[in-house]
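Below: the structure, in structure tokens.
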């Protein structure tokens, strides 16, 4: 039931994208294409992929031609074979030509993330661990990239600095210890806000748990230390491991009994997948 | 002498990035850190890289603390060894903690592109061919990513739809042939605007040249066809090849005698490089 | 350590406030006051109050004169006696005259909320119940009014629709019951997001608890039903009562053993307190 | 014939209101409600009130669902009995749930002002005096609150600093007396701009009148002084009294023969009236 | 004492002006000029002129270099001889080069209006009639052009549709006559808002005066009719004539005894005066 | 096939124009005109003119009434006789009255430029020289005025600082000569960017040509010097003359054999043409 939500931030990113490309005008199209001519475009997968962000394509073209007719042949999360037509779009030819690159740039990046995440999910098999993203997203793309992560099958960490407390070493140093830090935030934040604490040693794990952390992030621990901490916590808080997650060590981490594995690479290093647009010959 | 220019679009992207991360407030920092406390942070390379976007780090932190003191130890384009401190930043601790992730997200991506491009440039050696980017940039990042490409040593294709004419197959179909398309745009655009034409066959190459194209883009031609076209054109127009450029075929393309090789992967598929921020212990 | 944070939304509200008042120019001041003349203003309490929003005064005047010198004599949360000078502000006389009304309008409303909340907190005495606000805030003022509530001594409910899940009757109807609704959201939201469920009957309380709700909001229950529900839940989830909270019934509700009492009137019906600005005679 | 006008400032306030509430997304609704499901909501009065701002409800929901069908059962200025359905709204269920709180927050505040003003108008009976508002409005809400005041039956003072001259003590001090201040502004402002002067003594009243003030505001005078000033002016300028207007002294002030009574409390201290939204059970 | 006020609208116009010129970057300057190099520019009059808008020059350059040092040699309203240096500006050379054209474009147009108005004022000599502008200003430039008109010595008509009532033939037709129209607006607008009525015949003049119009605009009347109307009104309302004002008929109109002559040509058809910028040779 | 393109900058200018005129509301129309009443307006030429900017009229009215029906009787570039109805517009009467002045202000200025340019083109007859505009446009109007120039029949110089390189004396001084300046920019700008160099002497002409300038601008040369430079260049670069272009010397310049004559007066000193709006009597 989940759908891509056009928050104000998403709309502003689309504005920015169209303005940086169109600037003072698409001079090629403006001088060569009859503004009233209509046509039909189709976006085609040039490699196998998991599609994400179909609604972005519609939104981009609607900015240039509010009457555009959008016909998706898949829905976000579907696997698409090479050569398949992902969607069709009909409208003013000038709008199709002017918006083509921006629409593809959005779709290629979001589908790239979903495809990459889906591959990682395959490695996890039916493990009960939850793979989640981080705040290492492309600046300006937070809501979109976190959506693509969910489309790929993984989960989201907090959305930003505003929707959960994550107490790191510098916060701890700034206010005199884990116990004080948790107590102070708990007394001030909403009863609906969870508190996560970063712990680098077994002592810190114990202090965080005693202080009432909802989630404990194990920072830079080796597999043995992770196992020890997880056994100590024993379900009294959620356990997250973060950092240096690779295809190679994902299963090992999952086997250590943690609840959550977070990975920045899900968003910051996924490559774009290849999609292109065909525009029907003009009658 | 080239420097990163803070155009209105860049400022809007920074706004967007900070707003999506901070939202209604960095609740961890707001409740734990004395707003007057000061500290010093340092950004460190976790892998060898070519740095790009140093001024973005300053700008991000200046938004949160206009009095921040920024001390870069390198300049954009420098190669940085693993472990090296790239820059230092002093100011309000709360600003350092709130801005850290956004600043790093910008620097990691731009340095990732510069590093990737530099590697490609190494493959080209002292070839006279020019490697250039495309419009396949991350939406919202056009000016920044094209800057990072130049930092890495490659060149830029047009900035957007507004600063050069690029006549593709659909434009040609829409107005009755290459000759007509070039004539019509030439008569209307500024005398300072160049016209590039996409050509898929030797016939189209000949027609584009006769029509007076400044640049001819060879579309999807094999090496023999590229060589034939290049010899025919013989310097009367610039010759560009585009598409499917890989580390493997870069040298072959360069040897075909073309003037320009364009590659979308320079921007859309570079992975972020790893940089982290250390914040000095608080006195 | 908590301070008023100038989020992007707060800045936009200040923009709006100054633009709606100044419009095409403060014609009285522009024609009568030497743009270089300087003066000193003081804001004075005309009734006893709890002050909140001092930093807004500085920010408003800084927009009109970046060199303004702001000298607060109290800090947010302090009780101020009638007649006391709350703060002084020095700068260009024209800026003081043009900004006076907007600065006071912000301070009067935020201090009004803090004063009102402080009075309610006095009624609660040392009860362990937490009084919290709601989303019934003045449109455009969410971050500011929730800040004033904390200054007054009460707590915050969620900031908006984005930072916690609150499943109400219509959501439950839309997806087939409490159990399904909690399960579906739990599987999709971040592990750092809490889930609150509204329950109108003891059956719904039991279902919500079994489904794993973090917080249960008792909707429109009488005192006996509240007590019954609270005893059943027995600390396995937080219990909130909402609606029709008045000075008269606050202590009764607190005695029922609930964890949280939420009240929209804290923000939507607090009257402004009286503050005025004196501007020193011009030399 | 008067209607609520959606000026650019009103649109920006609606933007701000929706963005502060929705932020990165309404996670409850997004995960639980089918984006295509439709429903019907009704807003109901929970106490007797004078309704104001109906068009704001439509505008808020149109932002979330442009196809929403809005059916008001009353018009602005109507008295509504407790329990009456004020309006109905049909559209996407997700839009109704996401927009409900923002729409109600606008309607409750504007109707609160209209209801409060209407009560004051009742006290004035058929007096020829005009009760008017001030610039003590909620920052960001100027146009809306002044509209609600008119809906309640009172009049508006100037809209802001731009549409009339109001010369106060500090302006007078800054340019050497009332006579000079009026002359200087008269020579520079448009012939369509009126000039009001604040007078604290009978001497100042006489000087203001001689200088040609269109309106004279009697500042902090007792009833006898007000009467004396009014008799002296004798219709040669409009007379306004301001400050400390209460239900108790309103009739006394009206009887003093002044033309205008201004009161900041009309806008800054009206409490919100109680309205709620029912959403039809989902088929 | 009057100065150019940087309202939000003026700032937005400066943004627009710089963005349309700089776009994705001043490529000439970025590639050729050391970003740290400093220089000194001077703006010089190439023809005799009345200068207006000096502060705009400072503001434009401050956007590009906040540390710029601005030294005006004249003040707005001064007559400047050909060849005189109007102002000097020191700062980063790149900022001077990038901002030069935009700064000059503002100064040339505003000074052009002031110069044109000053010439008209000379024709009026010591007539008591007031020459005023209209709403026929360059879209986006209202506040600036009305300022330049005052600098030139003429007065302003209303600023826009919001600060005075001007009832024209279509408004009269829409509500059943002048008497009804004046009564309806008088009962609703602020007591500080004046009402002007357009009258095309002597009957309409009489009706407007009886209805209580503050100002009567004589529409398209010949000199005799103007004289007749003015004598009838006899100071009971201000009298304005509008339309077809030229250097040739200005004195005749003034002699007819009216209070105000309005002319759109003051703003919409003034030509820019010639000013240029010299940049000192670089050390 | 060329049409007026509503870039983001054009939309922002329309916003600015409507906001500066409407501000807090069109009080005359709001209080006198039934918001549901409909009418028909017609814009009529009051002098012979070349029309430009018809689509701006539609866009302005659409902002105020999205359902407006726009019926142009001419197309941009057509010559319109005095008295002819240029277009009709039907919609809500209140929208017609509120938008009238802004719509006319746009149309009058753009048509004024097109009319002025067309007259200059007539002087050139069938000369092969191209008359082009400059960057001396009204700040905020760049895209629109350059469009009007094309409608009038002349060509455009570069759009701004971003789409071509124009090396002037100060740039040359800053980097050590024409040869160095051209080489440095050529190595960094896109292969699609042309380079123009300003030359004041025959030596500079020779150096610019040898350096590979695409266009050479002859700065302040007399007719003999222009002829000498043009003969030397002999088609190896385009030749532009700029400055002091008048109706008197246009033909002489054209006869000197240059390719381009640029003139700032085309945009900065065209007067508005006279157009007015008639609104049908209301039923």
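Labels for the chains are A, B, C, D, E and F, by order of writing; each one numbers its residues from 1.
As a working rule, a residue touches a chain if its C-beta (ideal position, glycine included) is under 8 Å from a C-beta of that chain, and two chains touch if they have at least 3 such contacts.
The structure presented is a predicted model; accordingly, all values stated were derived computationally and were not measured.
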Every chain in contact with both subunit C and subunit F is listed here as A, B, D, E
Chain centres computed over CA atoms; the one at greatest distance from subunit C is chain F
Inter-chain centre distance, subunit A versus subunit F - centres from mean C-alpha coordinates, in Å:
44
Where the CA atoms of subunit B average out and where those of subunit F average out, how many Å apart are those spots?
32
Which residue numbers or ranges of subunit B touch two or more of the other chains?
1-2, 9, 19-20, 22-26, 31-34, 142-143, 159-160, 162-164, 166, 175, 184, 188-189, 193
Examine which chains touch each other and state the graph shape they make (line, ring, star, complete, other).
complete
Give every residue of subunit A touching subunit D within the complex, in rising order.
1-3, 5, 7-9, 142-143, 159-160, 162-163
Which part of subunit E faces subunit F closely enough to touch in the complex?
9, 12-14, 16-17, 19-29, 31-34, 37, 93, 97-98, 101-102, 104-106, 108-109, 135-143, 159-168, 170-171, 173-175, 181, 184-185, 188-189, 193, 265, 268-269, 271-272, 279, 281-282
Quick one: which bits of subunit F touch subunit B in the complex? Just the residue numbers, please.
1-2, 130, 132, 150, 155-159, 162-164, 166, 175, 184, 188-194, 196, 214-215, 238, 240, 259-260
As the complex stands, subunit C meets subunit F at residues 20, 23-24
Per the contact definition, I'd like the list of subunit B residues that touch subunit C in the complex.
15, 18-19, 22-26, 30-35
